[in-house]
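Notes follow the structure.
Chain IDs A, B, C, D and E follow the sequence of writing; residue 1 opens each chain.
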């Protein structure tokens, strides 16, 4: 009895935590975990046209995918895409956030400008970029021709398509990363800067020794989120390239979409989803293991 | 070694009220300059302006010979101990201490040597690898101090650097800071609330009140000859006792707080104003009566409060509406409600003009000489 | 009004070194209990354990009559002034002050009344609508203090609540805190570095050193009869002078620091140990010689440092390897290098066992009596 | 802190140039929204004349006000729901100690890694079973729990000085009171950020609202935007861009206001 | 039977009032004075949607027994995904528009009631509708869905450019060789000769017009297809045709986006391209030059067979109330009237499924103005009915089209035509195999 009482007292936090987590847990269970388990279940089946499990095939879907050059290509494209977009987005956003963190007149205006891309849906921005990439009337080729450079088939050349999509993606994600990083910057105690400036530290020294370490929780967060998001890029692909040319932009999520919604192959689509999940999981675990160690919380 | 000069400097945070107004002072190279004043009078603000952390709303600040109003802090070549420490939470004590050295690209092993030295001096050796949040309050303050000390800049600003240390350590730090300042010839601007620090460390003290200079001078001069009642009550602990007084022409007596009557020596009469005035007497100049004390100089007071500090005893009594305090050396057996005979001398009075607050009559120099020592010429 | 009892309490942050070990103390209901000790000795840690903010690694804490080791802080019904204030940055001063009252669902207008009262008392009236970051250091500290005062909880913990205030305000606050504590019967546990606060505010003081209790007792008893050399040097400022001493049987003399020779009264000889011992003498008990002083009791010392504090003068000299200090009332014209005659009495010595540090001989009670006052029976 | 004039000019220059680059595509869309078909085909940047024909077309073709209102209701509810649910979860992860905390947190994080496309179909079925087609709750509720938001707030809560927690405990605050009266107010920055994020992403959502609405009653503007584009028949780009502009103006406005709010929140009390 | 059509949703709307008003429309099969209300799900956006709304309005005003509500449901893929959620239940819309390649899927799905049933019951005269269109949607002699928006490919060309290149602007090239020739002549520094959207539909058309089949089992019409045939000689012809021009640099690749290729044409980046008949109107209005419209080219060695219908048709749901089906049927009949079809044709550029529409005055007037429109109709009516031009019937069509897109893209990158075609065929075969395996 007393042991129970002791346990009861010791676990007050735990019981409170249940209450606080309950809404999230319920919603996640219904709208994320349940479908996820369904997905995992389906990945072991061939499905009929309406998406129901029809023939149990074990790991055949996975074996097929891992052996298929198309899927390998998808994975490669996805990897490249992540490499192209994540570092550049974060570095650019950090640069902008540092600029916009200065206390100057009218800085609110610039902050809104920088964060504006967050206010534009992927669909709308893709449409705009589609326009800009247009080989005949787009801005980019017009500029190139003004300077007499050779024209680039932005979205039609397999060499360029992924890069072009990456450029537009960087732009789309910039606003969000910017906003998060700016928030992080503004949370840094002003006294630390004061103190370091008195020590005679220059801008870059401060950046390296104070800003970045103090920003590390935010950086850690934005890197994790950006990685996950990059792995899941879909909208711009759908509008800009539809996975082409020559599959060069057929990122995994797009491939899942095509498999499920156009081809009605839920089995293989699920298998792809499971593989993608595992990849992201590994990357995120790595990120937590390597990254969070370098994060300085207050 | 640099001069710091403030010419007509003012500061306002909200563009309406000046928290600092028209400060004119020159701090000489190598001087130890102490800044005191009540809480909220603008001491930190002044330091922060000198450091370049706050904008100067009016006037000119010169560092060395240059106008520095718009010089950025990192160009001013000074160090500062912040009132709230401002330690880098993500760096260890060691890294916090060497931060400034690293900025100046000092060699790593030299940095370590210096850090070790200063840590030794401040009793931080055991904590070099800790993060600030794992330190006690006093330890944090010492880290902040260490950071300023290692940097050895020509100007050093310290904002209550010893407030969280115990008396013993504080005494030690006092002499260490003074020693370092002297040996390196640092120009030091030092904010403190501690009477002992103010009296013993500074070459000069400046007393600030509501953003205005009250007095600047040598500590002992300020103690002996406070420029106005504010300074009189601010320097010295317990503070100088003040009361209104009037000179009674016929009796040749000073009537203090309508109660005490004090004979005025004939030669002093001419110097006294004929209207009412404010007189002040330090608690230690309210003596216990001895058998030799003349009856007419003795006042009987009723004790309202007693504090025995070990080596001295302070008791309070009422004089009119004022609460006066007397300080007697040693431990006295006094109880609240006791009626005590107290003795006071006209020589030890400070007299201020009631309107302007100006000091009209100084106390005599109570300087004592050791019997076997010769009186200097 | 609640008792706080610590039974064998220890604390370790890293599960290896105890920063607090085996503390046994009972703080009586309504007692004003002062906690002092060098920086980093574990004072804040102890307060934080009582408040329930740190886990107690060993022992039992009782609040009232209940074991409170696992009681959550909000159930302990106490208030606390944090060493670093812990003000809510998003609330105004007013809101910070009434925060705890609001939690207890006190009526709004009553809250306002209380806040106004306490703000008045602490000189914060003008700042009620400001955010903490717009306050000076001392003002912030006063807000923290105000917050604890309004809450009127039966137990109140204060961690150096006055460290950033000037002497005048501090004196005022001392008496206000004491008054409130008395009138409400609050059990107060008060950490301070200030000698005056320690001596005047507490019913009892506890001296902590490296996590261990050194002595608990009435302030004046601790001052007069320090249990060991550590306490002796920690309480009192400047600290008690210590030196090794030996009793010279034939001369009936005490040889202090191999230099001074002091005659021992015959009746005391028996009490002295025959081996070497540590003697201590307070700086104020090193008197200037007067014409009456016997030549044999006079020592000549060479002054190594002088500090004139206004109402007293402190000078240092070397005794063997120790630096000794003497404190004389008034302002003395002493220069470094002067050779001064100093006079010391056997009665004023404290003598400690060299090994155990135990107090063997107390000083005499120096209590003085006012001539016209009757000696209590 | 102040800076020299030179660095001020330099920073303004950088600000201007980079923000112009960032904002260019939006400006471009804005220009196009005033152009006629042939003008667009010719790839001009400035329209020959400012005419609002495209805009009138947008408004006449769609019940745009209705859509905007729906979008607003849905986005605002999701925003509020997310703030409530996520902040509660984040609070538990930071301020409550319980067994398996890290594990549950990671489980939360893992929900971000599940491709949304993989969960969509089962979710449509779930909504159908709940009979939430064409309802606001169907549009909003599934998004209330957000690992991203929990993560964001957790990162911020971690930077709250522990003294505040301690002071509140001593003041006798219950867990919820501390959460409500201290944690949330001092985390204004992150809440505004998350709020903006939640609002904007919901505002920009297309597929989900499309899938679980079958008529116009609760439909949102992004579907309207899609209705302006044709598949096989030539698209009137001017009209589409006009639609884009109409749809992004509220969000830009929100960003601007959020920005101001942030600014105010920050000047009111940065954490020490 | 009213009540059962609405039972499902009623309780939800009573528990939640935020959504009640408009949501209510759908569920109550009967409302205000016994009007039967039905839903019509479509995927037409832009001008198409405007036109549909007008037709629906016309129908609702023309009688007082039924009320149709036209609701946009996203792209074809999206609306089909949605239908899967409600298909075969009472919640299903009475009418759904499904793209042509979904035909087989719909027939197999069990969600639908074949159109033939109503035609037979009502003795509806099918002969008034365009035979070449009906052929596509007729399986085993039964009409499953009502054709709605039908289009075919055409070749559009720049007459001014023809003139400049010394070609006859009134006589477009007809065979692959002629096109290749003309393209070479038309090619300038800024302008390609020929282009085609990278889209499987055009490939299918170029195969069909040679009489080639897409898959076995008579293009899937006599049984479930098991093997792709498009990598045969006809398919190869097409790929060679494109490859030749691509290698010669006269072929412009403008990707998979309709608007890109159209803007290329309008900005004179390409002189000839293949477009949908529904795109003709846009091409003419946007181009700052004279536009010509011609039949799609065919291989030199074969006769032209004509084109296969593209677009979408309307499907009647099964499992809904009878009176709703009735209402839907009435609406479909209304929709096939010449007046409605004439307007539809003019609004959208899609064919009128009822050829009588072309005799309507408004159409005649328009054709007068833009003779190019007529070409599209002529091409359809000139089509030789047969297995090839009837179009393939497979359930995995979308996937197969994707394979073709990939093949085309690889072709443009310089890969071997046969190789890429075989790869696409292989992919299609696998998809068909799985589909057949899992079919219940």
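To be clear about the criterion, a residue touches a chain if its C-beta (ideal position, glycine included) is under 8 Å from a C-beta of that chain, and two chains touch if they have at least 3 such contacts.
Since we're looking at a predicted model, the values are computed, not measured.
Peer 1: How short can a chain-to-chain path be from subunit A to subunit D, counted in steps between touching chains?
Peer 2: The least step count works out to 1.
Peer 1: Please identify each chain that touches subunit D as well as subunit E.
Peer 2: Correct list: A.
Peer 1: For subunit C, which other chain has the most distant CA centre?
Peer 2: Relative to subunit C, the chain with the farthest C-alpha centre is E.
Peer 1: Whole-Å distance, subunit B centre to subunit D centre, using C-alpha means?
Peer 2: 56
Peer 1: Can you compute the centre-to-centre distance for subunit B and subunit E, using the mean CA position of each chain? Integer Å is fine.
Peer 2: Each chain's C-alpha centroid was found; their separation is 93 Å.
Peer 1: How many angstrom lie between the centres of subunit B and subunit C, each centre taken as the mean Cα position?
Peer 2: 22
Peer 1: Quick one: which residues in subunit C touch 2 or more of the other chains?
Peer 2: Answer for subunit C, listing residues that touch two or more other chains: 72, 84.
Peer 1: Touching at least two other chains at once: which residues of subunit A meet that condition?
Peer 2: In subunit A, 51, 134, 136-137, 189, 191, 194, 197, 261, 298 touch at least two other chains.
Peer 1: In subunit D, what residues contact two or more other chains?
Peer 2: 1, 3, 41-43, 121, 161, 226, 229, 237, 270-272 - these are the residues of subunit D that touch more than one other chain.
Peer 1: For a test of understanding, state which residues of subunit E touch subunit D in their complex under the given definition.
Peer 2: Going by the criterion above, the answer is residues 8-9, 11-12, 16, 18-19, 21-23, 25-26, 39, 41, 43-50, 69, 71-76, 78, 81-82, 85-86, 91, 93, 151, 258-259, 262-263, 266-267, 276, 278-279, 281-283, 285-286, 288, 311, 348-349.
Peer 1: For subunit A, which residues count as touching subunit E in their complex?
Peer 2: 46-51, 54-55, 130, 134-137, 153, 155-156, 158, 241-242, 244-247, 258, 261-265
Peer 1: If we count contacts the way the header does, which residues on subunit D are in touch with subunit E in the complex?
Peer 2: Spelled out, the residues of subunit D in touch with subunit E are 37-38, 41-43, 61, 121, 124-125, 128, 131-137, 207, 210-211, 214-218, 223, 226-237.
Peer 1: Which of the residues in subunit B come into contact with subunit C in the complex?
Peer 2: So the residues of subunit B in touch with subunit C come to 13, 36-40, 42-45, 83-84, 123, 134-139, 141-142, 159-160, 163-171, 175, 193-196, 199-200, 219-220, 223-224, 233-239, 282-284, 288-291, 305, 307-312, 327-334, 338, 340-341, 365-373, 376.
Peer 1: Using the touch definition up top, name the residues of subunit B that touch subunit A in the complex.
Peer 2: 48, 51-53, 72-80, 82, 84, 86, 88-91, 99-100, 102-104, 133, 147, 151
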